[in-house]
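Labels A, B, C, D and E are assigned to the chains in the order they are written; within every chain, residues are numbered from 1.
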Amino acid sequence: MTPWVEFVVAALIVIGTVFALVGSIGLVKLPDVMTRLHSPTKATTLGVGALLVASIISFYHWKGKLAINELLITLFLFLTAPVAAQFLARAYLHLHCDSAGDLPATNRPCQWSTFQCACPPDAEDGSAAKP
Amino acid sequence: MTKPSEIASPKLPFRQRWIPHPSLTGVMILLWVAMANNFSPGGWLLGTCLGLAIPLLTQSIWDTTPKIASYGNVLIYALVVLWDVLVANIEVAWLILFESPRDLRPQWITVPLDLRSREGIAVLAGTVTLTPGTVSCDLSADGRSMLVHCLDARDIEEIIRRIKTRYEARLLRIFR
Amino acid sequence: MELLVALAVGLMTATGVYLLLRKRSFPVILGTMMLTYAVNLFLFSMGRLAVNRPPVIQVGGNGYTDPVPQALVLTAIVISFGTTAVIVTLALRAFLEAATDRVDLAGTTEKDSAES
Amino acid sequence: MRLMLIIAIPFFGALLPMLLARAGRRACAIATGLSTLMALVLLLSHAPVISAGQAFAVSHQWVPQVGMDLALRLDGLGLLMAGLILGIGLLIVIYAYHYLGKDESLGAFFTYLLLFQGSMVGIALADNLLSLLVFWEGTSLASFLLIGFWRHLTEGRQGARMALIVTGGGGLALIAGMLLLGDIAGTMTISELTARREAIQQSSRYPLALLLIAVGCFTKSAQFPFHFWLPQAMAAPTPVSAYLHSATMVKAGVFLLARLWPVLSGTEWWFYTIASMGAVTFLLGSVVALFKDDLKALLAYSTISHLGLMTMLLGLGTEAGLIATLLHLLNHAAFKGALFLTVGIIDHETGSRDLRNLGGLWRILPITGAIALLGLAANAGLPPLGGFLSKEMMLEAVSQVSWWGQPHLLTAIAAIAGTFAVAYSARFFAGAFLGEPGADLETAHGPSWGLVGPAALLVVSALAFGVFAQPLAEPILQTAVRGAMGNGDAPTIHLKLWHGVNLPLILSGVAILGGGILAGTFDGWRSLLKRRLAIEGQRVFRACEWQLVSVSRHVTERFHGGSLANYLTWFLVGVLALGGLSVWPSGLRSGDRQLLPINVLALLLITCLAAACLMTILLHRRRLLSVLMANVVGLITSIGFIYFSAPDLALTQISVEVVTLILILLALYFLPKETVAEASPIQRWRDAALAGLCGAAMFALTWVVLSSDGPTDLANYLIEQSKPAGGGSNVVNVILVDFRGFDTFNEIMVLAISALIIYALLDGAMHGAAADKLDHWEHDIPRSPEKHPAMFISFTRALLPLALLVGVYMFLRGHNQPGGGFVAGLVVTIALIVQYMVSGYQWAAERISIDYHSWIGWGILLAAGTGVASMILGYPFLTNAHEHFDLPYLGSLDISSALVFDLGVLMTVVGAVMLALANLSRLGRRAERAAQKAAEAAKLLDRGE
Amino acid sequence: MIAIVIPIGFAGLSLALLLNMIRLVRGPTAVDRILAADTMVINTIALIILYGISQKTTAYFESALLFAMFGFTSTVAYCRFLIRGDIIE
C-alpha cells in the first residue's frame, strides 16, 4: 500500500492503543469511583474506534473491498457505553451515596430516581417511568 | 415473536401496517449490507427482507415511537457529537496523564431539563456521558433534571450552559 | 507458548479443584465452572496449537489447525452449560427447601452462624 | 428345534398371565395351563424315540468366547425330570387356581410359576454346563418370587430372602465348580464329559470341583448343613411348596448329581462327601419331622430326609443306587406332592394345619383323608405303593456297601430313618384325621374338585407305580437309567413287590413296627427331646446375616458420610495415584515439537489469568466478586481460543459465559451473598495442596501432549471432505451439523432436557417449604426503589433489532464462516434477556411472547426432521444435502439442509435458555409480590392505628 | 511501518489489560471491579481488532462484535444485581 495510507493506518493504530491505554491508566490512577468512571467510557470508545478505522482502511487496501461491518462494533459501543456508565453510576450512588448528603438538590419536588421510585408504587408491572 | 393481537389492526393503511417504522427499516437494510459486506443485489434483497421482517417482529416493543422532526438536524447533531467526543477524549487523556489526581476538582452538578421525550433525554444523557469530562449519572424521579458528574469542574455554569445550548437545544429541535 | 497454555490449564484446574472442595454449594458451582474452562482448554489443546490457522477453508489459506477437538469442545461447552444450569437450579432449590447451602452433612450445621 | 420350543413355551407363556391379568383369573389360569400342556405334549412326543435309547440334541451358540452355548439334550433322565416338572406343573396350575383367593394377583403368580417352569425344564435339558448354570440361577430367582408371593407375610419375605441367599450362595459355589470341571475336561458340553471320566477323576483339581459342585447341589436340595431354608420357605402358598419344595426344585440338586453321576461318581471323595451328607440328612430330617406340629413343617423335614435318602443313594456310586434314586425321585414327586396338596386342602378348609388343633377330619374330609392315607403309606414305604418299592431297593443297595469300614452302619442308619419315617407318617394321619374333631373344625366343608383332583391324581399314580410297577414304572425307569448312565448298556430292571423274604423286607418290617410304637408312645417323651432338636442352622444364618448388615452399614457410614468434600478428596487422590502409577516407571517426557514463540502479550495475559484465578479463590467468600473473577478467567480463555485460531470456540465460549452469568446471578439473589468461613486452616492447606497437585498433574499432561506431535490424518480427511461432502467451508460447523451431526442432535437434546429439569425443579419450588420461604422473603441487600429507569429502556430498545440482525447474520454465515445456529441462538436469547433485564419481565413478556416449550419441541423436531429426511432419501441419519445456485443479478447462493438443522438448534437453544431463565426469575417475582402485599398490609395497619 | 507499530500496539493493549487487572484486584468497591472488567472487555475488543490487522484476516470480527454485545450485557447484569438484587423482575 502507499506510504501515506500506511502512515495513516500506523498513526491510527498508535492513537487507538494510546487511548485504550490511557483509559486503563485512568482506571488505576484516578482517586475515586466516579472519577474512574470517566476514563474508560471515553478513552476506550475512541481507542476501539481508531483501531477499527485503521483496520477498515488497511483491509480496503489489502482486499480491495470496503469492510465497513467493523463500524458496527463502534456503533454498539457508542450505544452501550453510556448505559453501562449510568448503570455503574447508579450502582455507586445506591451503594455509597446518601441522597441528602453528598448529592446536589434536584431543584424538583422529588429526589433522584435512584432513591425514589418514579413509577407509582402500585404499578405491578415493572414498565418504565412515564415522566 | 409478537402476539397476533400486538400487530397493528388491519384497518391501518398498508404502509403503517407493513412498514411500521420506515426509518428503522432503512437502518436495518443499510446495517445488514454493511455487516454482511455484500453489496451484490442478493445482499440488498436479503437486507430488504430483514429490514421488513425485523421491525414487524419487534414493533410491539415500540409502544411510543420517537417523532424525528428533521433528519438534517440528526446528521448535524451526530457530527457535533463526534467532534466533541474526539475533543473530550483528548482532554480527558490529558487530564489523566498529566494532571495529578489531587488537582482534579470532581463535582456533582444538576442540569435542569427542558426535554420531555424519553428518547430525547436518553440521547442527551448518552451525549453527556460521551463528551468532555462529564458523566450523566441519574435523573430526578420525575425526569425533569439530570445528575451529572464532572471530572474537573472549573466552571459549572459553563458546563451547564454548554450542555443546554450545544446539545439539548438541538435535541429539542429533533424530538418534538 | 505451549508452556503457557499448559500453565493456564494447570492454574484453572487447581482453582477449580480448590473451590470444589469447599463446603457450600455456591463455591462448588464456581469450581465446576473453572474446571470446565480447564478441561475445555485441555481438550482443545489436544489438536495442538496453531496461530491464525482457523479451520475455515479459503483460497490461499495457509494451512488449517485440527478442527476435530474444536468441534468436540464446542459440544462440551454447550453440554457443560446445560449441566451447570441444572446444578445451579438444584443448589437454589435445595437452599430454599433446606435453609442451608451446605454440601457437607458430615460436619455440624451450627457453623452456619459462625463468623465469616 | 422342537427342544428349544419346550423351553421357549414356558418363558414366552410367562408373558401371557401378566398381559391377561385384566382379563380375569380364569383367563390367566387357562393361558398358563395351556402353555404348560403344550410344552408337556411336545416333550412326550419325543418319548417313544428316547425310550428306544436315542437322544435328541440341539445347540445354538450363545457366548462362544467362553464356550457357552444354548445346548439342549433330551435323554431319558431329562425326559423323566422334565416330565415331572411339566406334568405336576399342570396339576399345580389347576390346584393354585382354586387355592388362591379371589383378591390375589393370579397373573403375577402364574408368571412367576411359568418362569420357574421354564428355568427348571432348562436345567433338565441343558447340555452345556454354563447354560445349565443360567437356568439354575433362574430357578433360584423364580423361587424367591414365589416364596415371597404373599408380601404381607413377614416370614414369607424372610423365607424368600433366606432361600435366595442360601441357594444363590450355593449357586456361586456351583459356578466355580462347573467352571473348574469344564476347565479340567476341556469342554463345557455335559454329554462329552462322560468320555473323559478318567482324565477328570485323575486331575488334582477334581476334589475341589467335586466339593464345590456338591455345595451347590446340597444348598439346592436342602442337604445338611444347608437344610434350614426349606422349612422357612414353607411360608409360600401351598401350591408353591408342593411344586417347588417337594416335587421339582429341590430335586434339581439330586438331578444334577445324577446328571454328573457317570462323570464324577465312583471315587472315595464322591462316596464320602455325597453319601455321608445324604445319610446324615436322611436321618436328621426324619427325626426332626417327627417333632413338628405344623403339618407343612413336618412335610418339609420329611422332604429333607427323602432328599437325603436320594443323595445318599447316589453317593453309593453303584448302579443299584442310581436306579433306586431315580425310582424314588419318581415316587417321591408323586406322593409328596399329593401330601402337600392335602395339607393345602386341610389348611384351606379348616384354616389350620397345626396337629394340636386338628383332629377327626376323617368325617369331614373323607376323600382327602384317603388321599393322605395313601400318600403317607407311600411315604412310610408300605406296600403295595411305589414308595415301598423304592425303599426296598434303597435298603438293598445300602446293605451292599460299607461305610467308614463298617459294613452295616449305613444300613442301620437307613433302617432307623425309615422307622422315624413310619412314625411321623403315622403321627400325621392320626393327628389330623382320627380322634375327635376340634371345636372350630365343625364349620369346615368339603373341598372343590379342583383341589382334590390334582392330589388324587398324584396319589393314584403313586399307587400305580407300586401296583403296576411292571408295565408302568419299569419302562420309565429303564429309559431314565439309560439316560443317566450316559451309555446304552444300562442294566435291565425288574420291579416287583415281592422279592421273597430278604434283609430289606425284614428291615422294613422292623421299621414299620418300630415306627408304629414310636408314634403310639410319642406324647410320652416328645417333651424331653423337643428342646434338644432346635435347628441351629437358622440361628447361625441369622447371626451371619446380621453381622454382614451391621458391617456394611458401618463401612457405608465410614465412607458415605455425606461430605462432598470427602468424596472428592478420595476420588482425586485415587485418580492422582492411578495416574502416577501409570506413568511411574518411565515418567512423563516432553516431546520435541516445534514450539510457538512466547510473546509479551501472552505473558501479560497469563499473568492476568493467574491473578484472576488467585482472586477467585481469595474472594470466594464474597460470591458476587468471585463470579466476576471467574468471568474474567473465561474472558481470557476465549482470548486464547481466538489467538489459537478457534473463532467458533471463542464465540460459543463468550456467549455461554454471559448466559451462565445471568443464570448464576438470578440464583444468587436467593442464595447467601457471603460464604461463612468454616474450614480450619489445616483443612484449607490440605485442600490447597491437593488442588496444587491436580493442577500440576494437568499441567504436566498438557505439556507432554503439546510438546509432541499428534496424528493429523483425521483432521486432514475432514478438511478435505468438508467442502465436497459437507458443502461448507467452516470445517468445525460442518463437523457439527454433518459429519458428527448426531452428536449435535444429542447435545441439543441434553440442553432441552436440562431446561425441562430446571422447569420442573423450579415449578416444584412454587409450593411447599420453598414457596413458603419465598412468600416470607426478606431481602438481605439494600434495594433501590427505582426498578426500571426510563432512559435505559429507550436505549436498549434500539439494541433488540440490531441484535436480531446480528443473530440472523451469525446464523446464515455459520456454515461457511465462524458462527452457526448455537451462537445465533444465544445472540437472540441475550437480545431478549437484555430487554427483560432493563425493561422488566412484565413489560417484555407482554410484548415478546414466545412459548418456550413449543420452541424447544419444534427445534428438536426440525433437527430430527432433517435427519429423517436424509434417511428417507436413503442416506445415513443427518446427511447434509447442499446445492449451489448462481442466480442472475443476485449473485451466488448456497442452500444446504444443514441450515434447517441449524435452525432447529437455534430454536432449541432459544427455547431452552429462555425457559430456564424465565422460570428462575419467576421465583423473584413471587417473592416481590409477597413483599409488596406485606408492605400494603403494614400500611393499612398503620392507618388503622 | 505497520510492522513496527503492531507490536507496540500489542504491548500497549496488553499493558492496558494488566492495568485493568490491577484495578480488578485492588477494588476497593464492587463497582470498581465491575468497571474494570467492563474496560477489560473493551480492551479485548481492541486487541482482537489489532490481531485481525496483524494477521490480515477478518475471521475474528464476529468475536469482537459479540464481545461488545455481551460485555455490555454482563455489566448491566452485575449492576442490576447491585441495585435491585433481582436482575429480571
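By our rule, contacts are C-beta pairs under 8 Å (C-beta built on N, C-alpha and C of every residue); 3 or more make two chains touch, one makes a residue touch a chain.
Since we're looking at a predicted model, the values are computed, not measured.
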{"item": "Contact-graph separation of subunit B and subunit E, given in steps at minimum", "value": "2"}
{"item": "Chains touching both subunit D and subunit E, listed by label", "value": "A, C"}
{"item": "Of all other chains, the one whose Cα centre sits farthest from subunit A", "value": "D"}
{"item": "Centroid spacing, where centroids are CA-atom means, of subunit C and subunit D in whole angstrom", "value": "36"}
{"item": "Gap in Å, rounded to a whole number, between the CA centres of subunit E and subunit C", "value": "21"}
{"item": "Whole-Å gap between the CA centroids of subunit A and subunit E", "value": "12"}
{"item": "Approximate Å spacing (C-alpha centroids) for the pair subunit A, subunit C", "value": "31"}
{"item": "Touching two or more other chains - residue numbers and ranges from subunit B", "value": "31, 35-36, 118, 121, 125-126, 139, 141, 143"}
{"item": "Sites on subunit E at which at least two other chains make contact", "value": "13, 15, 17, 30, 34, 59, 65, 69, 72, 76, 78, 80, 82-83, 89"}
{"item": "Multi-partner residues of subunit D (at least 2 other chains)", "value": "599, 643, 647, 668, 784, 786-787, 789-793, 795, 802, 806, 817-818, 839-841, 846, 920"}
{"item": "Every chain pair meeting the contact rule", "value": "A-B, A-D, A-E, B-D, C-D, C-E, D-E"}
{"item": "Subunit C partner contacts - residues on subunit E that touch it in the complex", "value": "55, 57, 59"}
{"item": "Complex interface listing, subunit A residues touching subunit E", "value": "3, 6-7, 9-10, 13-14, 16-18, 20-21, 23-25, 27-28, 33, 36-37, 40, 44-45, 47-48, 51-52, 54-55, 58-59, 62, 67, 69-70, 72-73, 76-77, 80, 83-84, 87-88, 90-92, 94-96, 114, 126"}
{"item": "Subunit E contact footprint on subunit C (complex, rising order)", "value": "51-52, 54, 56"}
{"item": "Residues of subunit C touching subunit D in the complex", "value": "1-30, 33-34, 37-38, 40-42, 44-58, 64-68, 70-71, 73-75, 77-79, 81-86, 88-93, 95-97, 99, 101, 103-107, 111-116"}
{"item": "Subunit A-touching residues of subunit B, taken from the complex the two chains share", "value": "31, 34-37, 85-86, 88-89, 92-93, 96-97, 101, 104, 106, 108-110, 112, 116, 118, 121, 125-126, 128-130, 133, 135-145, 147, 149, 151"}
